[in-house]
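What follows is a pair of complexes built around subunit A, which joins subunit B in one and subunit C in the other.
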Partner chain A sequence: MLANRKLILAHFWLAFAVFGIALTLGAWQIFIRSPIGTWLSNPELYYRSLTAHGTVMGYVFPTLVAMGFGYAISESALEQRLVGVRWAWAGFWLIVTGSIMAVIPVALGRASVLYTFYPPLIGNVFYYLGVVLVVVGSWIWVALMSINLRVWRKAHPGEPVPLAMFANVAGSYLWAWTAVGAALELLLQIIPVAAGLKATIDAGLARVFFSWTLHAIVYFWLMPTYIAYYTIVPRAIGGRVYSDSMARISFILFLVVAMPIGMHHTFADPQVGAGFKFIHSAFTALVALPTLLTVFTICASVEIAARLRGGRGLFGWIRALPWDNPMMLALAFSFVMLGFGGAGGLINMSYQLDTSIHNTQWITGHFHLIFGGAIVIMYFAIAYDLWPHLTGRELTNLRLIRTQLWLWFIGMIVTTFPWHWVGILGMPRRMAYFDFGDPAIAPQALSVTFSVIGGFILLASGIIFIVILARGMRAPQAEAGPYRFAMAVHQPITVPVALNTHALWVALMIGLTLTNYGYPILNLALSEGTSVPAVYVGAQ
Partner chain B sequence: MSAQDTHASAEVAARVERRWATLAVIIIVMMALLAAFAGIHRATMPQPRVETTDPSRLHLTGEFVESNLGSVLESNGNVTVRAIGQQYSFTPACILVPADTPITLRATSADVVHGILIQGTNVNTMLVPGYISEQLMRFAQTGDYLMPCQEFCSFGHEGMWGKVKVIDKTEFAGRAKGGGRLSCVGQ
Partner chain C sequence: MSTRDLFTLHNSHFRIGVGLTAAILIVTAIGGFIVLPFAQPWVQFANVWDAICSAAGLPQRAASVTAPEQTRRLSEVVLTSNTLARPSQEAIGRGATLAQRCAICHGPTGVSRADSPNLAGQYAAVIYKELLDFRSGARSNAVMTPFATNLTDQEIADLSNYYAYLPRLPAYHPTPQLPKPNIVIYGAPMRGIAPCGSCHGSLDNKAGSPWLEGQSEAYMKAQLQAFASGERRNDISQQMRNIARAMTAQEIEQAAAYYASQPPDVVKAVD
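And then the complex of A and B:
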């Protein structure tokens, strides 16, 4: 029952178009700074590309996927026409406008500040305004998700909110609140300086504001993937969700503990004391809990599917799984990458181990494996699963889909494993050039060359993905029927209020943010003499 | 979850699930306790205090004036290294330190955000203008290490590489006799 196919398709197509561009830039970057690339006589081009790659992959692409998927969930899980379609289009066009506004100064080399901004470096004001528009556009989506759920609740008093929508709304609230950190940094600190109203900026405070956004944004990227784990995968492979309540608890935990942990990005920073760093480190450990719960529930759900298909034995059931089903394949790849990436993440969040790898290629490897790997491969799976319902046409070439998923998995492993390794050797990240002729750097050359091969495998996979979707627009028509989500083994009939509403958890999320960020932010904001002169990009 | 689910399979499912959740909580609490123990007992923790400095007056007054940059042998036998990062180099560009000696690195930035990373060690800290970074270090062996800037600091970032030269303790003491600030720039 997807009434607004055009709206959802517009979000997905824009998402995958900008993804394709950013992926191509990424492949160029990995090549140009490797031993097989020729020396880039103008390193500034590299940083333009890097800024565009990060801005698109961090802000535009996942936000559009979450929005399009969110609208689809709202219509299908609630079985209710989307309320506020005109507002949804307004949000979409705000993102289009913001993206164009941001990309022009980046392309001109006027905003090479990377997507992490890095004040006191200051770029062209339109870059920041563009990012703000993208975020404002996504906030319209947050409001619409909340409103649609409210409308549904009025019509269905006391009924359990479908899991997919419960999780979707939790994800939207998480995004609304986590974006506030970067919004404060942009509106209070950076934009006044970029617009020429102020000439100094507190770089330490800006880094703390940004850490508020920088970690929880990862969980916002992750939400569509986790929703797919719980509500699409079991249905697609013929199983059941092991536990509906554990799923709700996992999403609630993400909402509450994803936020107050961002300062583990500032372990090596001088502007935050050790006490708050420890608190954030401990809370970061806590955020592993919903993932551990999810791994258990999903493996159990998959096992149900296998046993229904006649699988036997302690591990023998694994063979009975429908491995030719793209969803099964995507889930398996996603879990393998989540496992390696998660293990690396435990090292990053560690109060002590972080110094061995902070700001090295290890970190680049880590978040490409988690986001580009575990998360994005499920974005592909979501698109494949939804496409027939959006186009009214069947995706017939399952073999090509499987090839695409295999290539993405292999490409991601071949790219990121060498990055982890050279990171341990101390290779810094975000550099346009390395002198591989230096005897101290030469041993890293082979690993870096491998990662280039991985980068090109990823590019090939990305191209195939877009080709599959484009071909799907022209395939023979076939009615896909209503879009459905997985059922639980024990479908909830009544759900405790705490697991059916968000208010309590949103309050807790805000409360924990205030306790974990309030003092450090106030302390920095009130201290005198820490503002430093801005350094304008392109002015040197 | 609902009162209607009373049959045995639901109970088994809930029990298995509870066990897993308990195990997960235990793992997480253990990790936090280990970090706390290592932090307190082995004194391995990030920089504990916040110190500030005015980057626009670094060259005029205070501990980061040019004549005070480099390594100095303190009266207790420890060494203090003072350095600054600026687009796109470190001063001093080559840091000279003795092996097997407790060293305190104190550094800051004169313009944008930089970072100091000494390859092959776990010496790794950010340089944020306006704030002083302090890190304790100790090198077991003599040798040369590369010290790249690990944070994007604009278009020349890829060229910002410093060096650390670790020499014998007695040789360092000999060079330090005359007082002043030591470095290995130009050697």
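And then the complex of A and C:
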């Protein structure tokens, strides 16, 4: 039952529109600083573009996808009209307002501070206020997801919460709590300075606050993808979820261990004690667990589909899979990129290995592969799967959809593999210009050129994606039927209360945040002399 | 079952969830705060508590290591973008009177005929910082130091405001305008050098960085060399020393020649 289709479509369309713009900026960035671009002699323009690209891709785009998908899940999994539709629209308009408010100073070059804010660099206050509005808009969504689940529970006492909704609400709680770090940084530290009330800033403390957000936000980006793995893919390819409990445990684990690990982003920072870095590093190792569980469960679910279709043998069943089904293709591509990206992640999380790739192009290669690749390709799949139900029209051109997915996959590999490589060779990230005439880096020109080609393949794929969705708005009408999620091999009849509610896991999440962040934050906040003068962008 | 039954020891999920989490936390804490600190043979701790404090990141007056003796004064000036913003007419007037003694070298209009820096229209915060540094000894110069030694805070602020107020005039070194060299607009990323223009104008300006257009080529070259050799060290956090050390002799020449050849009217007006 999808009653509020307009609401969901509005979220998706805004998400994909800003995505299209940011994608174009990304392609421009990688081109303009490459050996085949002609440098425009103004790094400021590069950083303007980079701020816009990072802010949209990191904050606006995934948040809107999670919200739109969350509303769709709430209505269809709970089979209940969304409670609080007006609030949902209010949240949407807050995000629109916030995005516009943020983009104007960025476009004018008054806030080229990059999406990680980079204190003590300080930009125009409206940039930060815009980001705050985006976050506040998303918090409305968090509240609505929780309220809708509560309403459903009242009407269905003791029944198992549908997996999709259970996971969706877990994701929303994770986001609510992880966004607090950046919110504290903005409200307590950056905005007072940007508004001229203070002239110094504790950059070290600000970075610690940001790390609170920076890791778990990755899992917030990932949630829609994992929900799609578990609750859409098996249904779309004619299989079943191998284990409903395993799925619940994975989402619970994300809730508990995604938060207390963010200091792996501050390994190189002197203001954080080595003991805390070690604890965060050790907990980081644990976060591989839910992903490994997921890979196992999804492979098993896929195998079920293959065997139901007559697949045989130890590996022979793989051939029996519906490879012409876009969902199958997207899943396979996503897993391959997740595999490579995950292997790279093991290097990032090790204190010693990290030093060799810290702040190099390896990092940008890594998160484009995982986020832009493994995660975003499933956003595409979600949109394709939902579109007929939202528009009441069929997406007929499966071949174009497959081409689009192939191009995204190839483009991402061609972009990010050389990107990793030049990072290992030491090429720094966030640089507007490289002099490839310098013998020291001349040999890397070839790798960088490959990345550029990959970037344009990605851009082409992104354009095709938007064209497919736009055409889907005008295709002949066709009733798609109710939107359904995958069934488990053993559909749960009763679920232990711990696996049917979030309270225990939210409590552990908050508890671990206090143990792992409490002392470092207090120590920095209470120490004298840890602030430095702010550096204003375009000040004189 | 309701959530109330969840938060009790009778519930196995509660026991296992909380127990495992606490166990992992304790093990990792012991590892990070006790085992690993002592595993570093090159660091000495008085006792376990000492090790824990160190691993927690508590700033310590490390007993075993003495801080390196600071032989020369460093700059203690704190600048913000609002330093000396919006001066009064009286302040500028007082500065004009005081500035008469500076005119021999820096010129009656704030533009030097010798190879002293031009001060007309320079950012107030820049002049303010240099004068404070000359007075404190963080920067020293046989000619300037005696002038600065007896200035009061008020006088330094007035002088800075006066010179900032003067119009930017063309310098006395008319050379054809040179094209921007790489070091000015690109820096040298592989050597960790940011573009000169990202602080000194042309691209962006950061508080405390002077604009350089039309300054004496010989003066700028000498300053870069002094930063590179460490003879001049009043730059906060070694911002300029780190850059100058990594620059080649040729880049120093190019940067100095380029800025000297630029007319000062390309400098963006102060907000």
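Definition applied: the second predicted complex is superposed on the first by the 539 of 540 C-alpha atoms of A that agree within 3 Å, B and C clash if a C-alpha of one lies under 4 Å from a C-alpha of the other, contacts with A are read in each partner's own complex, and residues count from 1 in each chain.
Everything below uses one rule, namely that a contact is a pair of C-beta atoms (placed from the backbone, for glycine too) under 8 Å apart; a residue touches a chain by one contact, two chains touch by 3 or more.
Worth saying up front: this structure is predicted, and the values here are computed from it rather than measured.
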Room on subunit A for both subunit B and subunit C (clash or fit): clash
Which of subunit B and subunit C A:Y433 touches, first, second, both or neither: both
First (subunit B), second (subunit C), both or neither touched by A:M487: neither
First, second, both or neither for A:S41, with subunit B first and subunit C second: second
Greater subunit A contact set [subunit C / subunit B]: B
Partner chain in contact with A:Y242 - subunit B first, subunit C second, else both or neither: first
Contacts of A:W505 with subunit B and subunit C, given as first, second, both or neither: second
First (subunit B), second (subunit C), both or neither touched by A:A288: first
Touched partner set for A:A274, first subunit B, second subunit C, both or neither: both
Touching partner for A:S527 - first (subunit B), second (subunit C), both, neither: both
First (subunit B), second (subunit C), both or neither touched by A:V497: second
Against subunit B, colliding segment of subunit C, chosen among 21-29, 237-245 or 255-263: 237-245
On subunit A, positions contacted by subunit B and by subunit C: 43-44, 271-275, 277-278, 282, 286, 426, 428, 431, 433-434, 438, 440-441, 496, 499, 527, 533, 535, 537, 540
Subunit A residues within the subunit C interface of the complex: 39, 41-44, 196, 199-200, 256, 271-279, 282-283, 286, 426, 428, 431, 433-435, 438, 440-441, 496-499, 501, 503-505, 507-508, 511-512, 515, 519-520, 523, 527, 533-540
Residues of subunit B defined as touching subunit A within the complex: 1-5, 9-10, 13-14, 16-17, 20-21, 24-25, 27-28, 31-32, 35-36, 38-39, 44-52, 54-56, 87, 108, 111-113, 115, 117-134, 144, 146, 148-159
In the complex with subunit B, residue positions of subunit A that touch it: 33, 43-44, 46-47, 112, 114, 118, 120-121, 202-204, 207, 242-246, 266-275, 277-278, 281-282, 285-286, 288-289, 292-293, 296-297, 300, 346, 350-352, 354-356, 358-360, 425-434, 438, 440-441, 489-490, 492-496, 499, 527, 529-533, 535, 537, 540
Interface residues, subunit C side, partner subunit A - complex: 1-3, 5-7, 11, 13-14, 17-18, 21, 24-25, 28-29, 31-33, 36-37, 52, 54-59, 78-82, 123, 180, 182, 185-190, 195, 198, 203-207, 268, 270-271
